[in-house]
Amino acid sequence: MAFSTCQMLRSALSTLHSNLPASSVQAHCDGPCGVYDPASARGSAEAVVSMTKKLLELQPPSGNDPSAWAAYNNTFSRFVAIKEEQAQQTKNELLILWTDYFKPEHLATFPNLHDIFWKAAKLCSACKVNIDQSKADELIKAVEAIHTMFWKSKGRNDAWVRAS
Amino acid sequence: MAFSTCQMLRSALSTLHSNLPASSVQAHCDGPCGVYDPASARGSAEAVVSMTKKLLELQPPSGNDPSAWAAYNNTFSRFVAIKEEQAQQTKNELLILWTDYFKPEHLATFPNLHDIFWKAAKLCSACKVNIDQSKADELIKAVEAIHTMFWKSKGRNDAWVRAS
Amino acid sequence: MAFSTCQMLRSALSTLHSNLPASSVQAHCDGPCGVYDPASARGSAEAVVSMTKKLLELQPPSGNDPSAWAAYNNTFSRFVAIKEEQAQQTKNELLILWTDYFKPEHLATFPNLHDIFWKAAKLCSACKVNIDQSKADELIKAVEAIHTMFWKSKGRNDAWVRAS
Amino acid sequence: MAFSTCQMLRSALSTLHSNLPASSVQAHCDGPCGVYDPASARGSAEAVVSMTKKLLELQPPSGNDPSAWAAYNNTFSRFVAIKEEQAQQTKNELLILWTDYFKPEHLATFPNLHDIFWKAAKLCSACKVNIDQSKADELIKAVEAIHTMFWKSKGRNDAWVRAS
Amino acid sequence: MAFSTCQMLRSALSTLHSNLPASSVQAHCDGPCGVYDPASARGSAEAVVSMTKKLLELQPPSGNDPSAWAAYNNTFSRFVAIKEEQAQQTKNELLILWTDYFKPEHLATFPNLHDIFWKAAKLCSACKVNIDQSKADELIKAVEAIHTMFWKSKGRNDAWVRAS
Amino acid sequence: MAFSTCQMLRSALSTLHSNLPASSVQAHCDGPCGVYDPASARGSAEAVVSMTKKLLELQPPSGNDPSAWAAYNNTFSRFVAIKEEQAQQTKNELLILWTDYFKPEHLATFPNLHDIFWKAAKLCSACKVNIDQSKADELIKAVEAIHTMFWKSKGRNDAWVRAS
């Protein structure tokens, strides 16, 4: 086998680096372990709240100016798309925490772990399907609960600070 | 308010359509309800198995031809990227089923639902992090189990047929 | 040159592995050869049919409740976006089969290969541009024809089974 | 039906705008008709040529400095990924022309239309799978041929000018 | 009546509400104004630092076990790809702040605004092109400076807290 | 010997070629240096102009045919999404030129470089937020100015030729 073609030379060389430290890489996750942070999910969820609020406040023009109506429809359509994208982004960020950061040993401390994430993910979908301020508020609360659980699991107590 | 601009006319008209049937739209999911299908996850998982196998079989050139080495490295690097992409795709497809298709009422029939999906998602990550045939095989088995559970929940019994 | 830096050693070593078997990797496609499957295109096309149907059934609220109208517009806008995305996805999946799976030798068996894929791709576009149930139905039929052609080319006869 | 709820009013109003010009929108493509341009495919194909050339010229470090080797491997791996991405982008751009710009009436003037695009798409794949200067050069020639065919179909004769 | 379907009808009604206040929507940005937050750029930049560090620490196996080498190459290749992706993500996040959040009036307070962002963006590229701990550290410092500038512009003084 | 697997062996050989010239690779950009081209930004900006024009010309149906209204809303919603996507794409293409192609030494020749790109990027956002022909025309002019500046920096004088 080709992999063994260097065998002789390598075994000759192996004493040269037999003292090298074992790799310290703990590739137990999708990649950049140690940099998980619920801040991204918080940012997206805040955007969902904001877009939901703006959509509910958006008022159609009172006149019949075609360009005013086009502007209104343009804005409505864009806000729905941004809400959709940010809700999906929130879901993605949360599921990375669930599938990659949290591990079986966390279940002892957080026995409702799965249920918390499942409901939070379903709230993301609900915020897409509807323009519903109370669902958006529930989503923010769910993300805050996950923020608290996350930092507790790391022995930290980071404050929940919103950008908006 | 603009929303009330048509109010008068609308109230005048309201008796005309007070008998209209309620909307039958059941937008209870992210979108195309009724078209969930574990076949996409199966396809991606099969690709993970295939790329893992090809990576393990890939042999470096025995000589010192630079272009043969460049070709080998090009192929190795591409196969890792495709494995990564397909494992992520498998995870995405499975999580859509978990977050959107399965609903609280399914927990009675499938009490281990969360755990099954959590472990399957973690297998997707394991297939990225390693080139491990046994993990890839476990992933396929996990997707097959989800396939069976999914069709059972719909009262169907679709066969598990692989493309490769 | 750096490529020749190991030359001396390698030529000394080359006799050691001059009998190694040639690499068996047949990287004649974009990647995971052998895992092509029209099931993904079927799934997306079914979603196009479903969203088209839902859009045609979607009824505006009869009253003047602002939140009912916002909900209606939110849903309409989302369904259009999902239809667009799924039609594009169907096109992508079909074009992967056309450009990567099918090879010159298949033209003898399927002389209309190009035309079949071209028309199917144009149907994907037609389903985006319009909300047209008959175009969506034509698309499903085109995908079914490609499914049959695909499995015939592999000497299999897999049944056409829809998820919805 | 809800759509008919405004019927009476609309028919009363219809005489008010019966003289409006019919919509001039010819939505016969995926979207921005009239802005097709093979320049994007040219740009991506030039990048494929450039990355292929750079990969072939890339020389491993002659010494054993770990950071030099890491830098070399980092660059090799990135260039493969960029080549992959740009080849895929070239394929995407070409297939948009094939599926959306060209129409049945063009087949009379360009009877080999399908074959030209099929081979160009397969060259994109070949440029991914290999680090092959001659395939990259063939791809550029194929894109140039499509450039010429495209502008001929529009009655223009735009020069083929490369950016690099 | 759909909001987008009654434009003509409203024309007839427009005299009824010609005194309605103008729309209060201030869509002066790409979308979710008020939810800008440098936390996302911080998270990505931290991942760049982490992947750079892991790549520099990653040691090839000392023996000639084929699967150990395949694992090493798999990990190296993945870490480069993750570093690339996170550096691009950092660049994207920073450029959103530069193009959408900051406005001409901020130039009085931050006369070096353009230069700060330009150099930070170029640091993102440098972190892709190299595996360079000092560049990654410079990037973190640049993001911290932007964090401070951002919150100062909003009259807040949020602490710079890293997740890792 | 794999290029990435013989690092240690090479350590032993390093005295043999310690005088080899340093690598000539100048990876000073994100990747495919030398293939920058403002043609991609021009293409996207032309699409923004085209979609803006089509949106302004789009007229709601005069009657009350439900499917005509659905078709109108489908088209309006799609055109907004395409305008959004193409404006974002224009922004992306311009920012690649700003962050990767242009370098500190260009500031002497183009002292307003930052301001030109900042305003062009903000025009991309303005074209999303509004359906405004004059903003779209300004965007095209800004892209033309960047085209001229770009080719001047390369000592070329390429003509500005639009595809539509």
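Residue numbering begins at 1 within each chain, and the chains themselves are lettered A, B, C, D, E and F in the order written.
Note that contacts are C-beta pairs under 8 Å (C-beta built on N, C-alpha and C of every residue); 3 or more make two chains touch, one makes a residue touch a chain.
If you're wondering where the values come from, they're calculated on a predicted model, not measured in any experiment.
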{"item": "Partner chains that chain B and chain F have in common", "value": "A, C, D, E"}
{"item": "Chain whose average C-alpha position is farthest from chain E's own", "value": "C"}
{"item": "Maximum centroid distance from chain B, chain identifier (CA atoms)", "value": "F"}
{"item": "Chain A and chain D, separation of their C-alpha mean positions in angstrom", "value": "32"}
{"item": "Where chain A and chain B are represented by their mean Cα positions, the distance between them in whole Å", "value": "18"}
{"item": "Mean-CA-position distance for chain F and chain A (Å)", "value": "28"}
{"item": "Chain F residues counted as touching two or more neighbouring chains", "value": "1-8, 10-13, 17, 20, 23, 27, 58, 62, 69, 73, 75-78, 81, 128-130"}
{"item": "Residue numbers on chain E that touch chain F, as the complex places them", "value": "2, 4-5, 7-8, 27-30, 60, 62, 69, 72-73, 76, 91, 95, 98-100, 114-115, 118, 121-122, 124-125, 128-130"}
{"item": "Residues of chain E touching chain A in the complex", "value": "3-4, 7-8, 10-12, 14, 17-18, 20, 23-25, 27, 31-37, 39-40, 42-43, 46-47, 50-51, 54, 57-59, 62-66, 69, 75, 78-79, 82, 86, 158, 161, 163-164"}
{"item": "Chain B partner contacts - residues on chain D that touch it in the complex", "value": "1-2, 5-6, 8-9, 55-56, 58, 76-77, 80-81, 84, 128-131"}
{"item": "Residues of chain B defined as touching chain D within the complex", "value": "9, 13, 16-17, 20, 67, 70-71, 73-75, 77-78, 81"}
